[in-house]
Structures are given as structure tokens and as C-alpha cells.
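Below you'll find the structures, each written out as C-alpha cells.
Each of the next two complexes has chain A plus one other chain: chain B in the first, chain C in the second.
Our next item is the complex of A and B:
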């Protein structure tokens, strides 16, 4: 076992926070849809994977067009946002038909979507891992103590915090956000007061979708896009929302940090035990406080 | 009522006769698929005792499938245990113990939390299988290198496929018939009716004096044992057990087979297993993008015929009878 020197600890903490930011975006996508529609949307993992693949296609295309690599982050965000059309399509095309069904069927409908997306990715990009031409060191390095980190890590961490803040602001302060909260509280009452529940559903699902695709696009300078990455992501995001408490946004932020840091440290000390430890925590949380760290009673 | 029952019995006997003929009339490859389907029957019946009859959706039943497979492989490799009956009993016993422990925790919850908790246990077991390489063989899994004794009889002189397609096929068919009849008795009994009462209205059932948690736990353990026995039968067919059987996508497949056939009918999941296995093979051999079709099929079933094929057949039957 390697010794945990101060510089190693700094590296682990920073990479941990970096993956926390990505995990947070994905699980925030799960939370918002569960908060409003009461559906545990497994598809968010697929959105993450598609975001990564499209991100690579986008950035390689723009780089070939002669754009400077400096705009890389911008293109990735653009790639994530461009996939927002998936939100209304799937919400209207599929989820719309299962709102009145049992929870088990809603969960299975999103499982069906996961299967479909898994093969669509294979159909479009093939089975080989896709790599972007956008290097992680494009924005240089940041030196700290006797180690160094890609500046890109910080950009992603800042972006994730910014998105968390914007989401909070949107839900708490804006008119649409208030409507969303009222739908989450009491659908019939909101409908009676003139809120178009249909539109709120479309909106929340689209936000959930974009959070997933953005997370996927932002990760690609760090890793290649591979088949099955969506399923791997959902396994983590899923642990996060259970630890957080279903539907809680702040809980998701906290739980993402816990899971991201744990993942970094455990992977370093006992590789392969990561999922095991994280899921043991999931079971412990479900046993001690089934509503999660910050969940409301359902 | 009696007429329906005798009708059911008639069809069941015809089905069994057909299944018994399969090794003689079908090409080897289809015998193989039928044999695989047979091994999956206890799995889906077990799953549906929990889902269809008790109303608890397990998204982690792969755990018990893998448990049966690994118990079998482990005992054969490390203790050269040869008797298939002993292996099946051992798989049932391990499922009883693990099912009691996991079930005790899981049945405290219902609905989405039950699904989440079972999924989490499935994933923990999956990582354990990968990590404890000395016992489980890690990523590679375990290979079963010799054939078991059936009722104490030694068929080792037969080539592998001849063994599978003749003695083993009929052995599995026999076990599956016994287990199916037993399950039918269980769900039609007082106990089975109590489970249904819990599913439909748990408060009312409790008021009627049914100990809900205990009955849910019984249902969970029975379900686990059935699934594990299916795993024990399957292990000799694949002769290779890997952690993937405990992954949540395998659990999803079990759910899919059950829904495809129809969870509202006792025989639905059995239809589901055969259709799923044959269809998957057919689709996989024609196009590699079978998941798109299966995902779409799953969506269509959920939206239009939540009762699956069996409900569809009943609807068609009623339509023609009415016309």
C-alpha cells in the first residue's frame, strides 16, 4: 500500500472534487426529475454518455475547422446544450404515457430507454473508444505545493458550482421555478391555480437531460468515451441520490462530494473496492435513514 | 371454474409433451436454447412470487441467480461435489441463508425503496464476486470442468453436448415441473392469497391479522431459493459462471422476461422466458443492435399491454369469443 504523503492527499482531494462535480451534475439531473415527476430516471446515465460522444464529435469538428483550442470549453458546453432537444422528445414521447402507471413500470420504462440509447451510441459511433483532440493541459497547469493540476479541473469545478447556484436561484426565485415547486408539492392544487403541469414536466425533464449531457461533455478531455460509461455513471449517481435523499438538490451536492472523495481515496488505497464501499454506505443510509441525509419524508 | 382448470391442465400436459419431444425433433441449437429457457423458469417464477404476488419489485435478483451458480461452481471445484441433487440443495440452502439476511433488511421497505435496496445488494454482491478472486475467480469467474452425477448415475462417458441434450435436459425438465407445480400450490394456498391481500391493500391485510413483514420475508426467501436453484441448473449449461450474472442489467433482464410474458398470470413469466430467449437469439443473429428492439418492445409493453403476452392472448381470445 502506498503511503499517503501530503502531496498525494492533495492530488486525491482535488481529483475527488473534480469527479464530485461531474457526479453532482448527473445526480442533479436525477433529482430534479424525481422531485417534480416522481420518476427515478435511469436514462440520465445515457444522457451523460451521449453528451460525451457528441462532445468529442463537436470539438474535433471545430478543431478541424481551424478554431483555436482555447475555445474548447465553450464548444463542450455548446455540445451539452445542443442535446437539450432530447428532453421534450422523450418526455412527450415516452414518459407522458407512464405518469399514471405504477412506480415499477416507470422505472422499467427508463430502463427500456437505457437499452435503446446504449445501442444507438454503438450504431452511430461504433464499439471503439472515442478520443477527443482536446488535451487536458490546454489551459495549462496549476502548481500547488510540490504537485501540479490541470487548470481544466478547476474550470469544471467552478462550472459545476455555478450550475448548482443557478439551479438553486432558478428554483427558488424565478416564476417558473416557483411553479415547479408548487407542482412538486401538490399537482392538483397547482393545476387548479392555473399552472400548466404539462409544461412544467417538459421543463424539469429538459433541465435533467441537459445536466446529464453537460456532465458527459465536460468529462471528455479527461477520459475517452466508451460503451457502458452511461451504465457506470448511473450506478454512481444512483448511490448519490440515495445517500442524499431522493429529490433533494442540496443533499445531492453534499453526497456527490462524499462519493467523489471516497471514490478517489478508495480507488487509490484498495482499487476495485470502490463500488463495494459506496454501496455499503448506500445500504447503511437506507437502513438508518431511508429518506437520505437531506430528503423529505415521502 | 372446473372447466377452466381442466383446460389449463390439458394445455400444460401438451406443453410438457412438446418440451419432452424437443431433443428429438429440434435442431441442436434450439435444444440448447430450450434447455437454457427451462433453467430460467424457476428464476422468473421466483421473481414473480415476489413481484406479481407480493407487489415488491426486486431490481437485484441477479444476486440470487449468481449465488446459485457460484455455489455450484465453488462446491464442484473445491470439494469435487458431484451429485446434482446435493448441488441443488446446497444452492437452495445458500439462498435460504442469504435471502433471510438480505430479505430481513429489504422487506422493511416497499415500492421504490425496496427496488433501490435490492439493486444495492445486487451491486455489493457483484463487487464482492469481482474482488474475492481466490474464492470467486474475480473477473474471469469460475469454470465447471466436469459433469455432475444425475440421481447418482454417471454420464461422464457422453460428450458434453450429448450429456446436455439427453440426460441433463430431462433432469432439468423434471425439476422444473416439480418446482412449477410446487409454486402453483404455494400461490393458490392460504399463504399465497395472503400475499395477494398484502399487495392489494396492506393496511386491510394487517387489520385482518396478517403479519405483513413476516409474510413479505417468507415470500422473499421462497423467491430467492427458486432463483438460486435456477442458477444451479444454469451453471452446468454455461459451464462458466461470471460476476455479470449479479450485475443490475441481468436483474433487469429477469424483470423484462417476466413483464414480457405477463406478471398478472401464473404462466405468464414462463411464456416470457421462452419468447425472450428465442427472440433474443433470433434478433442477435440477424442484427447486432438487439437492445434497440428490446428497449422499444419493453416501452410498448409497458404503455399498451402491461400484462404482457399472456394478457394480450387473453384479450384476443375474448375478442374472438365475443364476436
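Our next item is the complex of A and C:
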């Protein structure tokens, strides 16, 4: 059947999983901040955009310095990690003052930051799309069933799954992770037991920040950094969060896979219905299981 | 196929304001010569020699200028009825004499402006204020911001040259981003509160559809860079007074289809990926309609309509790759064009399919060689800044733009520059006729009567207020001189091949194509 030949299925599955990987990193950033701090952090979209812009600046700088292009992925990860300072800065400088305010106020505060970051990007990098000198085919191509994919796609997929595993391990198995879970469950009890909530807030927000900046940095060999990319990303991340259940990390991984694969297949079969189907699932989850597929975790 | 009339003279960018003055004075000189010629022609007609000019002329000086170049035709006329009307208006400093010559087959109207020695009323001293509107954020912003940058350069150059009839110009920028109602509020605010003399800019058709009627209602001159007032392929504002519209949405794909037939004659299947809004849909419809005139067997096998301002096309590209169409058509025109080409190239889409990316040149400097292969059909709208013709104004502008913004300019700069140039020329012409500062309506009337130098050559508005220009498209090529692609060969498609004549429906026009 011409509609779904093996090569077509391969293309759609690989593309879907690649998209899922990026969506997961952004939505995981959203999840961890909401799970611990109970703030819907729109800024995660800006972190994604800044990660992309800084990633381009980073890698172009190192390549101009004469470093081999083979280290490209490493430089991109470094770029994402180098922006971790934004976490404590924003948490202490802005969010610290809105924890006890109404949710709408918190949303407005983070939305204000989104607009500020958008203007900062325009000021620093201008309005034209920014491109990295690091080509996506640097690590070669992988051929399968009469079709080819950049090896870089697989590196991003592996990186995302690795990050998901490390996050799970950190939250479930480490001392800091357990403190985070306790704060998520009961702040007052945790404080009573000696957990420094302020530090946990800084830690969780920084992890959320780095997840966003890493996603942005990792995507840039595949795309261009453009104004508005953060806002575009946050819309899809919210769909993932609703399907997953607010605060659920495993749910985020599962929902990202659902959204990414659905996007790929529906675009091929019924392209007019892609957005409709994704938001139909969002509505169905809200009606049938408002806590999401795997809500109430972390 | 060039419509411009480039002057071979080389000039430096510092000399630009003087160039503008020089060009205007040449026009004035030409106009004066034309007036003398017209007077002689009219005298000959009245004396019974007869006149046959071969067409209907309603425009005053500019069209009359054409008539004096055809003196030989005036002798062949036999029977004719001549009526003469002399219009004298006390408020006008100049007198307008209109002669209507009725013939068996046609009516010729020749209007002569007798300048005399009108007493000019001094121009107001306060600056002229322009509202400038374009996308300032989002992936549509690059093209709009290029237009706004061009507006700044134009304003600086004109102010350095003494302004418009001595009045300095000021620009007030507004964002086009946001819901249409908000954009309309900004238009109204600029008109009512800021009291701007004209609103120039705008990109989206949704903006155009809202601003066209609003401009007429508020009696505010609105000159659009890229926004049309089309609903689908149909014009919704055919006879405006104050609204001046962009070239039709589908023009890029009309040119693209012609050149696809030329460069890729063997294609049989087409897959389209276009923004899910008026511009994108108009483009694919027009592309297929024209392409089928050249190649009736060509078939549209997939239509993808991602939402506007997208920043990721991974899923769509997977679909295009699986579709295995001979040709990919896209009218992406801003940052999303860069993203699409990069993501498509990453998975080898252009190895399997040709591509007609009819507006991707809107961000040409971002189409780097390492991810944009050779042989893609790329459209640059009205202006390809490396076009082969010599044109001093273009060279001066490119130098200035690169110096100020550290990037190469794109086509929106040409639309912006032309819009302001046209306004300036219209004001000057209206003042020349009236002798005092003209009203908005008087300026609007003159906007269709002027032809002005822009970055791409001489440009003008059609009588239905639609911009005229030629379009540049060609095949992508890698040059050692640039890190982005250039076009080689590059072809200019003339204005009459880009959109139907006024009043004609698109598909009726397509039927006239041989």
C-alpha cells in the first residue's frame, strides 16, 4: 500500500521521535518548576530561544577559534549549561516576589519576562534568523530502508532519553531529589524538618532553565534561531503538560512521544487535522482524566 | 524585460540627497517640455489637422508626455467631433484646461496644466509625520524590520536634503503583531491622536483587509508594503480613494510558475507547503493554475498548510519526503523560509525533489551555502540587490544599509522606499498644482500620477491603487564572494505578467494566457 510503505513509516517514526525529544526537554522544564514551585513558568520558552541564540554564538566562536567541528555537540551542551546562571537570577530576582501572589499575577510576571527576553534577543542578535556554522551532517548520515537521516538526529534522541533517565534518577534516588519531592508534597512540613525551601526553589528553577536552554542549543544545527521561536515552543509544551499531568516527569516523556508521533503521522495522512487532533486529545484528557495521564507524580 | 530606467552615472551614497533633488528637477524639466509640446499638439488638432493618439488618456501630465512622442499619428485622422471644456477653479493657483475629442472609435482627453505664475502659499513649518507599521516580533519580523530600517534611511536622507518642500519628516513606529482589532486601534490612534499625515507599512493580508476600509472611513492615506485587500484571489476594494495596496498576493507564484515551466519542464507532480492563511493559499492556487497552462498534465499530490509563523517543519518535511513529488512549492517568505530549507536539506529533500521557493529571497542573506543547495528556484519579490543592472540609488542604499545594520537588505526595503518616495513626489506635485499645502485627498489623487525612483528602478501605482513592479527570480548558486546563495541565472518578470489588469478576475486572466 502506497500510503504507508516501510520507508514512509521509518521516516515518520524517526521524525516523530526526534520532535518528541525536543518537546520533552522543554515540557520537562515546565513540569519540574510547576511540580516544585507551583508556578506556570512561561519563561521556559524564552530559555529555549536564548539557548538557541547563545548556542549559535558559542559554536560559531569555537569553530572560528579553530576547534574541530567534531566537538560541535559538546560545545552546544556547554552553551546550554552555561546559561544555568539565569535560573538563580530570575528565581531570586523575580519569582521570589510573586510566590505568594495570585496565579494570574505569577503568569503575568513570567509573561513579562518572555517579552523582555524577546526584545533582548532582538537587541543583541537583530531580527534576521541566526544560523550556526555547525552543519547537521557533520556526523554523517544513517541509511535505512531506502531513506537517510542525519546521525545528529539520533544523538539528540539519545541525549533526551539520557536526560530523562538522569532526571528520574536525581529526583528519586538522590538526597536533593528527595528534598525536592518533599517540598512538592508539603512545604511547611519540609521546612519544619529542616529543608531549606529557598535553596530547593533555586535548584528546581535552575534545572528547569537548563532543560530549556539545552533544548534550544541542541536544535540549532537543524534549524535557525528566529524571533518568536520561544512562544511557538511554549504552546506545544503546554499541550504536553496537560496530557501528561502537571508535574509528572514520566508523563511528560510519554506525552511528548504521543504528540511528536501524532504530529508526524497525522501531517502525512490528514495534514489539515494535525493541530485539531493534538488539541482534541488535550480536551479529551481534560474531560476524562483532568489530572493528566500520569498526574500527581514527582 | 526591465521596467526601470537606470542611469549609468555612478554616484556616492553621501551624494544621495542631491541625487533626489536632481532627479526631481529633471522630471520637472521634462514636464515643462511636455506642456509646451502638448499645447502645440492641441493647437494642431483644433486647426483641423486631426489627432489620433491610439488610446484613451486620462492622466494629466505624465500621459500627455507620451502623446507628444507620436506626432506622425496625428495626421491620419478624418472625421471627429471636438468639444472643449475649460475648468477654472479659484482655489487652485494653476488653471486646468481639458479638451475632449470625440471620435467614432474612441475618446481622447488631453489635460494641460497652465502653470502661469501662481501665488504659492508658504508650506507649514511643522514636520510631516508618518506612522510606520510592521511586524516587530515573531518569525515574520525580519522582512518588516528591513522595511522599517529602509524607512529610517529614507527619512534621514530626505531630512538631510531639506525635507519635503522644506518640512522635515518624522517616523512613528507601531507594531503590526497582535489581533486585527488591536492593529485597527493602532491605525486609529496614529490617525486621531498622533495626527500622522500618512500610515505606511503593513505586511499581512489580514491587516490589509482591515486597514483598507478603515483608511477610507478615516480618510487617511495608507500605503501598504505587502498587505493586499484581497479575499482569496478577489479584490475587495477595487476603487479606493485613500488606500494604496501592495502588488497582488499571488504575483510571486505567477512568476514562479512561469519560471518553473522554463527551468523544470519535466515535472509531473507538485507538493505544496504554504502558510495557512490568505497569502499562502492564494500562492498555491495561482501557481498550479499558471503551471497547468504550460503543462496540463502536472498534478498537485499534497497540500500542507502549517500555521503561520511556524518555527519547526520536521513533520511536514517528513511528509514531503515520503510523498516523493517532483517539485516542492512554497511561498514561505521570512524566517520560516530559512528554517524550512535548513530542515529540508538535512533530510535530503532537495536530492529527491526540485523546489520553487517563490518568496524565500525575502531572507536571502540567511540562506547560507552550507544548507541551501544550488538549483532551487528562489524568488526575491521586487528587488534582488545583486541584480545585474547598474542603478546608483541601489548601490548607495546597499552601502548605507550594510554600514548601519551590518546585514544585507531585502525586498521589503524597496517597497518601503518606494512608498515614501511616491508620497513625497505626490505632495510636491499636488503643491505645484494647487499652490498651497494639499489635502490628503489631493495627495492621494496625485499618488497614481507619479513615477519615482526606488531601489529597484522607477516605480508607480496603477489607477486602482495597486503597486507596479517587476519581480526577480532565479536559480540558487554558490558564489565564492558570499556565504549565502546568489541567483544565477536571474530573470526579471515584468509587471503585466504578474497580476491581472484592474477589474479582471484572476482565473479569467489565466485563460488569456497562450
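Here is the rule we go by: the second predicted complex is superposed on the first by the 289 of 298 C-alpha atoms of A that agree within 3 Å, B and C clash if a C-alpha of one lies under 4 Å from a C-alpha of the other, contacts with A are read in each partner's own complex, and residues count from 1 in each chain.
One rule holds for everything that comes next: a contact is a pair of C-beta atoms (placed from the backbone, for glycine too) under 8 Å apart; a residue touches a chain by one contact, two chains touch by 3 or more.
Treat the numbers as computed from the prediction; the structure is a model and nothing was measured.
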Item to complete: Overlay done on chain A, so just call it for chain B and chain C: clash or fit.
Response: clash
Discussion item. For A:224 in the superposed arrangement: first (chain B), second (chain C), both or neither?
Written reply: second
Discussion item. According to the stated criteria, A:15 is in contact with first (chain B), second (chain C), both, or neither; which is it?
Written reply: second
Worksheet item: Touch check for A:103: first (chain B), second (chain C), both, or neither?
Response: first
Item to complete: Quick one: classify A:232 as touching chain B (first), chain C (second), both or neither.
Response: second
Worksheet item: Of the two partner chains, chain B (first) and chain C (second), which one does A:267 touch, if any: first, second, both, or neither?
Response: second
Worksheet entry | chain B versus chain C as contact partner of A:147, first or second or both or neither | second
Discussion item. Quick check on the superposed pair: does A:6 touch chain B, chain C, both, or neither? Answer first, second, both or neither.
Written reply: neither
Discussion item. Touch test for A:136: chain B only (first), chain C only (second), both, or neither?
Written reply: second
Practice prompt. Please write out, lowest number first, the residues of chain A touched by both chain B and chain C across the two complexes.
Written response: 118, 122, 231, 272, 275
Worksheet entry | Partner chain A, residues of chain C touching it in the complex | 136-142, 145-146, 302-305, 307, 309-312, 314-319, 321-322, 335-336, 338-339, 342-343, 346-348, 363, 365-366, 368, 370-371, 405-407
Discussion item. Touching residues of chain B toward chain A in the complex: what are they?
Written reply: 51, 57, 59, 105, 108-109, 111-113, 115-117, 119-121, 123-124, 126-128, 130-131, 248-249, 252, 255-256, 259, 288-292, 294-299, 302-303, 306
Worksheet item: Which residues, counting only chain A, touch chain C once they are in their complex?
Response: 5, 7-8, 11-12, 15-16, 18-19, 22, 118, 122, 126-129, 131, 133, 135-137, 141, 147-150, 222-224, 226-229, 231-233, 263-264, 267-268, 271-272, 274-275
Worksheet item: For chain A, which residues count as touching chain B in their complex?
Response: 40, 94, 97-98, 101, 103-105, 107-109, 111-120, 122-123, 231, 235, 238-239, 242, 246, 272-273, 275-276, 279-280, 282-283, 286-287, 290
